[in-house]
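Shared chain: subunit A. Partners: subunit B in the first complex, subunit C in the second.
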Partner chain A sequence: MATRITISKIEDVEFGANLPAFEPDTSLAIVKTFATLIGWDGARFRDHEAARKEGLAGAMVPGVLSQGYLVAMIHQWAPVAEIKTIDTVFRAPVIADEPHFITGVVTDINEDEGLVEIDLTVANEKGETRVFGTASVSLPA
Partner chain B sequence: MILDLHTHSVKSDDGRAKVENYCQWIRSKNLPIDGLVLTEHRQYDMDSDYSKLASKFDLIILKASEVETEYGHVLVYGVSPDLTRAFDFASINLPLEMVVETSSQHGAVAVPCHPGRKRVGMFAHTEELGVPKGVRIVEIYNGGSRDNEDQIAITNAKEFGYLGIGGSDSHIVSHVGRCGTKFANKISDMNDLVEALRSEEFEAVSFKN
Partner chain C sequence: MDADIEELREKFLDQAFDEKTFYVDPAVTIEYARLCGETAGRFLDKDHPDFQAPPTYLASLSGRRSLPIDFPRFGIGMDAGKGVECLNPVRPGSTLTGRTHLHDIYTKTGRSGRMVFVVSRLEFFDEGGLHLANSDSRSVIREK
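Moving on, here comes the complex of A and B:
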């Protein structure tokens, strides 16, 4: 079984380093379950056909779930990281049942304050950005 | 030389990139660009001085604007204090022809950006509003384009005889340099850039794939 290398100290972080690639589960079943969990009963989160009638390309992943994927990705890379802020800009809907890929890269390191800035991008199979943002995470020295 | 003619920093409401981090990124990743132009949304950033950063990283860092018209978004290069008083940069519904003409009168160049995009791109409106007068250049490569937006821009630019520039439209550090514009001559400041755009000696380039 492959061992995943994780980050536990800020000294281990390098500017420009890529976080391990992350492919979120955007299946409609997961999206429906999550929508139920948070009390969002809109058809656009549950049914492709109903979403298309609303002008969408299909049922969409709620933005808060996309943010959850980003958090999961960061913790997969650095389980001890404390996420201080996560700031997202939603450019286009993330459509359920379509493969998406999340990339993350380190774009700033402040060792004095123990903070690392990460760029995050959710893209579809065509490489088109659907969601982007940044996270500021705290790591121990 | 190649400049990324369309970038946003934290000065834009949806920008998340610090200019210093753009510079670090360009150099650490050996991106094939020689500099960038900050085109902040609905404003001209009079205050920021990036000359020390430019010198430290040996990059060209220039400032411009992205304003909003009834035809969509428009980049304005060569903004002067007089031009910022000539129309309201913060407006979201400026008349495009006025922006193009007024910019020209003040020694600036206005370039509709991501023109193939729905709602905020010029070609989404030409059928309804007609072909605007005065436009000479449009952005044909945009780093944030989806679907066939770049192709719509290229096809229409060809049809209407527009020249094309490229810019990444980056809002986060790692998206800078996805597209750019190649110039035959060296660009050192905004005057050089405006002159180069007017002389029509440039070519849009894409590094997306």
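Moving on, here comes the complex of A and C:
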């Protein structure tokens, strides 16, 4: 079984490095449970047919869940990383029950301040970007 | 900058228009973290010495209104994105105060005309008044 190497200090981070691939669980069951948890009762988050009646391709993943996937990916890569800022743009709907892939690239390292900047993308199987954003995280020296 | 937008900025930016309290339920923040795929113990284990809400949990909270009551209606608004700035950890079991103001108003013009972007900022404070985080919601309004 492969061992995933995690980052524990800023010296371990390389400029331009790709974070390990992360495939979020976008199943409708997860999406419905999440929508209920945060009180978002819209049918578009619960039912593919109802969402299609609203003109969507299927039930959609709430944007804040996509944002949560991005942060989870960062913590899988660097469990001790503290998120300082995360900014996301919801470019197109993330459709439940469809595979999506999250990528992250280190775009800046500030060792003096202990900060790393990461560009993040959620894409579907066709490679179409659905959500993108940037996070600034702090790591110990 | 367009004169009408400049006028809106002068009238509305940095003026708090809503305040609401939020109880941070530990069971909810743990489930929130689990559903997002979090693996770090400080978000999943209530007995962890640094137990805290996941950073983006606050983005799921909203005030009673996202725009001032007298803000003009340009057209239909759509969710254009969200941002969170974490200043201090949010401790489950605590009660937060959230105050909302407009943080930015700007425009972009494309082939289909002008679009107005409005950034609504919800600032969160703990019971002692410590500023914990900011949650920004960006709306884009395509003019009618």
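Just so we're on the same page, the second predicted complex is superposed on the first by the 140 of 141 C-alpha atoms of A that agree within 3 Å, B and C clash if a C-alpha of one lies under 4 Å from a C-alpha of the other, contacts with A are read in each partner's own complex, and residues count from 1 in each chain.
In this section, contacts are C-beta pairs under 8 Å (C-beta built on N, C-alpha and C of every residue); 3 or more make two chains touch, one makes a residue touch a chain.
Keep in mind it's a predicted model, so treat the numbers as computed, not measured.
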Q. When the two structures are overlaid on chain A, which partner does A:128 contact: first (subunit B), second (subunit C), both, or neither?
A. first
Q: Report for A:92: first if it touches subunit B alone, second if subunit C alone, otherwise both or neither.
A: first
Q: Kindly classify A:75 by the partners it touches after superposition: subunit B alone (first), subunit C alone (second), both, or neither?
A: second
Q. Who touches more of subunit A, subunit B or subunit C?
A. C
Q.
After the superposition on A, what does A:38 contact: first (subunit B), second (subunit C), both or neither?
A. second
Q.
One more residue to check, A:65. First (subunit B), second (subunit C), both or neither?
A. second
Q: Considering only the touch criterion stated at the top, classify A:21 as touching first (subunit B), second (subunit C), both, or neither.
A: neither
Q: Determine, under the contact definition given at the top, whether A:117 touches first (subunit B), second (subunit C), both, or neither.
A: first
(Q) I'd like to check the shared interface: which positions of subunit A are touched by both subunit B and subunit C across the two complexes? (A) 87, 89, 133
Q | subunit A-touching residues of subunit C, taken from the complex the two chains share | A | 28, 31-33, 35-40, 43, 54-56, 59-60, 79-86, 136, 138
(Q) Please output the residues of subunit B touching subunit A within their complex, sorted ascending. (A) 14, 16-18, 21, 24-25, 28-29, 144-147, 171-175, 208
**Q.** Residue ranges of subunit A touching subunit C (in the complex, touch as defined)
**A.** 22, 24-25, 30, 33-34, 37-38, 62-65, 67-69, 71-73, 75-76, 79, 82-90, 133
**Q.** Touching residues (chain side subunit A, partner subunit B) in the complex
**A.** 15-16, 87, 89, 91-92, 103, 105, 107-108, 117, 119-121, 126-129, 132-134
